[in-house]
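Every chain is named by a letter (A, B, C and D) in the order it is written, and numbering of its residues begins at 1.
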Amino acid sequence: MNLEELYQEVILDHSKRPRNFGPLPDATVTVRGDNPSCGDEIELSLKLNGDQIEDVKFTGQGCAICMASASLLTLKVKKKDKAQAETLLTGFKDMLTAPEAPESNEALGDLQIFSAVRRFPQRVKCATLSWRALEQALEAHAGSVTTEEPAS
Amino acid sequence: MNLEELYQEVILDHSKRPRNFGPLPDATVTVRGDNPSCGDEIELSLKLNGDQIEDVKFTGQGCAICMASASLLTLKVKKKDKAQAETLLTGFKDMLTAPEAPESNEALGDLQIFSAVRRFPQRVKCATLSWRALEQALEAHAGSVTTEEPAS
Amino acid sequence: MAAGERSWEEIRKDFPVLDQEVNGRKLIYFDNAATSQKPLSVIEAMTCYYEHDNANVHRGLHELSNRATAGYEGARARLAAYIGAQEEEIIFTRGTTESINLVARAWGEEYLKAGDVVLLTEMEHHSNIVPWQMLAQRRGVKLRFIPITPEGTLDLTNLDQLLEGVKLFSFVHISNSLGTINPAAELVRRAKAAGATVLVDAAQSAGHLPLDVKELGCDFLALSGHKMCGPTGIGLLYGRREILDAMPPFHGGGEMISTVTFEGSQYKPSPYRFEAGTPAIAEAIGLAAAAEYIDGIGRARIWEHDQLLAREGLAVLSQIPGIRILGPLDHRAGLVAFTLQSAHAHDVVSMADQEGLALRGGHHCTQPLLRKLGVPASSRASFAFYNTIEEIHRMGEILKKVQAFFA
Amino acid sequence: MAAGERSWEEIRKDFPVLDQEVNGRKLIYFDNAATSQKPLSVIEAMTCYYEHDNANVHRGLHELSNRATAGYEGARARLAAYIGAQEEEIIFTRGTTESINLVARAWGEEYLKAGDVVLLTEMEHHSNIVPWQMLAQRRGVKLRFIPITPEGTLDLTNLDQLLEGVKLFSFVHISNSLGTINPAAELVRRAKAAGATVLVDAAQSAGHLPLDVKELGCDFLALSGHKMCGPTGIGLLYGRREILDAMPPFHGGGEMISTVTFEGSQYKPSPYRFEAGTPAIAEAIGLAAAAEYIDGIGRARIWEHDQLLAREGLAVLSQIPGIRILGPLDHRAGLVAFTLQSAHAHDVVSMADQEGLALRGGHHCTQPLLRKLGVPASSRASFAFYNTIEEIHRMGEILKKVQAFFA
């Protein structure tokens, strides 16, 4: 079984011990993301200082892919500026959803372990949930996002 | 082709030259019957005197089976009493719609030429339209009947 | 026939049902406007689905469910391509009737109020009349009808006047009773200019000629799978994206919601919002195979052949003594309805059937139209690309016999 | 196994889809509550229809149309017999969801007014919640829910009180999320005594146990063909004759009218009044073949086997460390939903799929129920008569592996 590909050590590790997990009392923006079809729910909080992401944390619960993705997200974007975070965001989404699988993207680093999710179409939204929340947070819109989108 | 069975000489003759065709000015009861799915429409008028059918005529238009059936009906029930007409009615309906084809029924006489209609399920309502009108007329209810009935 | 094209003779062999005798004669199936026959590829697509991939769609995470979802959503994409729409604009329904009812319920009850005018034509099928009458009863909207000329085309003399104050204009592309081809693009353009929302009933055109909703410019378009070589139980409603996005749902249930609580629910975006419950999965896959099959032949080529059959059909029928042909004599689709002076439509069809010829007789779900034409019932021969000129000639002989029998 | 009965092993061979490998392992299909698999006889009934008899129904006078009509109306009779109803009481729909929406629209809008109470239960499928919420929005009716006990059965302590003033009571026979078998006959009896009209959602029971609407005493019953070995795209609504006779139509269109004029229309009696447009003909025929197939095995025998699988399933699952089983531990149907402490339902189902085991994970269209149980998502194994004890044991092994992997 190629399960180990989907659930690599790093993913299991992050899902069991998510980093930056917890509330962020001095957040400047908080976005709730949910995936109603399976019950994944996460809340991503950013402390923005101008263009700088000073801090980022998340809470919630979900499947291993969802939790690991959120956990790695926080590690990756903390202390980055908006433009850098957006580049990661685009790269991450492309890796999972671009019609043609893109070349490996070194800039994504660890995040590349999620590339196997591509082959599990129903799990793509688990992996992207936190990133969709980030997308909205970067536009400094508090609110909520959902994975229920029209086929596109 | 066994068409000649369905359209026997007598049927063709009656459909082309329907007997007792026309209005019945001194009718005591008139019933309109229609078969909306194909446009058959006939109006059957009876002059009842107590239990006696003194006169009967019909107007309208429809397919050969429908017209011939109405024409033969008028010949058969004229000057009969209600009980006799009802016996014919039951016999005619049974001949066409009883789950098992009944034995030949001498009492029906000429009407037996319609027995072939049994094998043309969609035409049964053409043959029975005037008889359904008669049924209602015998209960001395003016009004209208339609062949659109639930599958029974 | 261009180089590399399969001949019509070969194509006909794709339809197993055509190869049979009825009442001892070779079947001639001329009831295509009621429903078309299905090629093997359509039947096999469904069998293959049931034998290999069957599962429920969308919420599944296992292999079969992934395959079923890919098949079903792939079908949506295939049908979107078939009519030049986007995937989000395709709602699967049971057929044209359900599609029109969906618009009457979901769009009509939201956007139409008492006194608003719905414009139809006198040649509509019951499925494009009754839903609006029911809406009129519920909501007090008014119905208006574009009259027909004695030739059986739309009388557009007063169209501008008729369009005045119209909120919705819903019309048939090709009349199933007259064979009239309505000038759809022009009608849509003028109705849109007058501010109306426009629905096109493409039941009779979808399998016969190229259709592009963006070119047509309509807001809604309805079609039935079973009339375009697809299975029963499936059809679609096209809705322009902006309209669907703002429209309330139709049925409530699974698949169409994002969140449900005991207190209330949130709905998914289009098209899911309009597809409550387990959809007709195998049928959608079958319909996609039908679209693929038809486009494999080419709709332009099919339409050309239709026209040939229509012309020959008219020529042959014109020679029957006492015949009255309904609808226009040129620029018409491959279906011809007629009456015989000596014989009622039922008798014509019953006798034709005894010769293996399948016609339809009755009002063809256009009672108001036939009443207006003063015809209680008509017989109809409707052709498809798998029909042949020889069959049309056989029909001529059979109808001459019928005519003589009843004369 | 009684003398002359086919063995379950033999019966299993009727299902071509089961004989395949998924991800290199023999497929174990335990997603039967989402949709069942189809035996060859059902697939062939539809293929045969398309290859030999395909035509539109009802108004046709030719041989193929007669055959199609006989097939379609014969299917109605077969399904009537399947649930102890009369033919006039069977309305073909796309499935349970459309059936319930039909009642909400056609019956609900006629008979319910602002303030009237619709009683549901907390374990309803979305398809038996959302249509009533939509009706509540349109008409101002009030929804009330029978609560569930911590064991996942209905808490009937205050039933009489809950039934007070209830106009309609609609409840699920077997919960697709808990496996609970509700005491349908008793519930109907008490609701009828309180003056309510009663609808039973038989989606999960129709293919598994003997059903008799007259014995149940309900006014409406809804089921889906695809969950009882039948095709997608078909299901039915049973309605008690007196109720249907008085009920206004659902969709408008062909086949459901007797007379149409430009001014208004007259509708046919039931069941035709509720079946506008070309119906799902092949699918009805397929569903009749499914009813025939199931009764060929015998529903009493199927239910007994279900019970065996349910017991074994519970026993095997109980041994997984950290498992929580939802729903009652006895008197339950052959479906078991659970959560694992260490792994989210999605991870469980994805991993199981890698071993060829098809489970379902998520909310199973019962979001309010799962919220009440404090469960964000569950995994569900649901069995059918073609499943085996060996498959259940394999599931146990696979789930142990999954548990260990994530622990």
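The rule is short, and it goes like this: a residue touches a chain if its C-beta (ideal position, glycine included) is under 8 Å from a C-beta of that chain, and two chains touch if they have at least 3 such contacts.
Keep in mind it's a predicted model, so treat the numbers as computed, not measured.
Most remote chain with respect to chain C, judged by CA-atom centres, is A.
Between the interfaces A-D and B-D, more contacting C-beta pairs are found at A-D. Separation between the centroids of chain A and chain D, computed from CA atoms only, is 38 Å. With each centre defined as the average position of its C-alpha atoms, the distance from chain B to chain D rounds to 46 Å.
Put simply, the C-alpha centre of chain C and that of chain D have 31 angstrom between them.
Note on chain placement: the centre of chain A and the centre of chain C lie 46 Å apart, centres being C-alpha means.
Residue numbers of chain C whose C-beta contacts span two or more other chains: 23, 59-61, 65, 257, 259, 346, 350, 361-362, 367. Those residues of chain B in touch with two or more other chains are numbered 36-38, 120, 123. Interface of chain A with chain C (complex): residues 34, 36-37, 120-123, 146, 148-152. Those residues of chain C lying in contact with chain B across their complex are 23-24, 343-347, 350-351, 354-355, 361-363, 367, 370, 376-377, 405-406. Of all the residues in chain C, the ones that touch chain A in their complex are 58-61, 65-66, 69-70, 73, 76-77, 87-88, 257-259, 268-272. Put simply, chain A touches chain D in their complex at residues 1-3, 6-7, 12, 16, 36-41, 61-66, 120, 123, 126.
Chain D meets chain C in the complex at residues 16-17, 20, 22-23, 27, 29, 31, 34-35, 37-38, 42-43, 46-47, 50-56, 59-65, 94-98, 100-101, 104-105, 122, 125-127, 129-134, 143, 145, 224, 226, 231-234, 249, 251-257, 259-262, 264-265, 276-283, 346, 349-350, 352-353, 357-362, 365, 367-368, 371.
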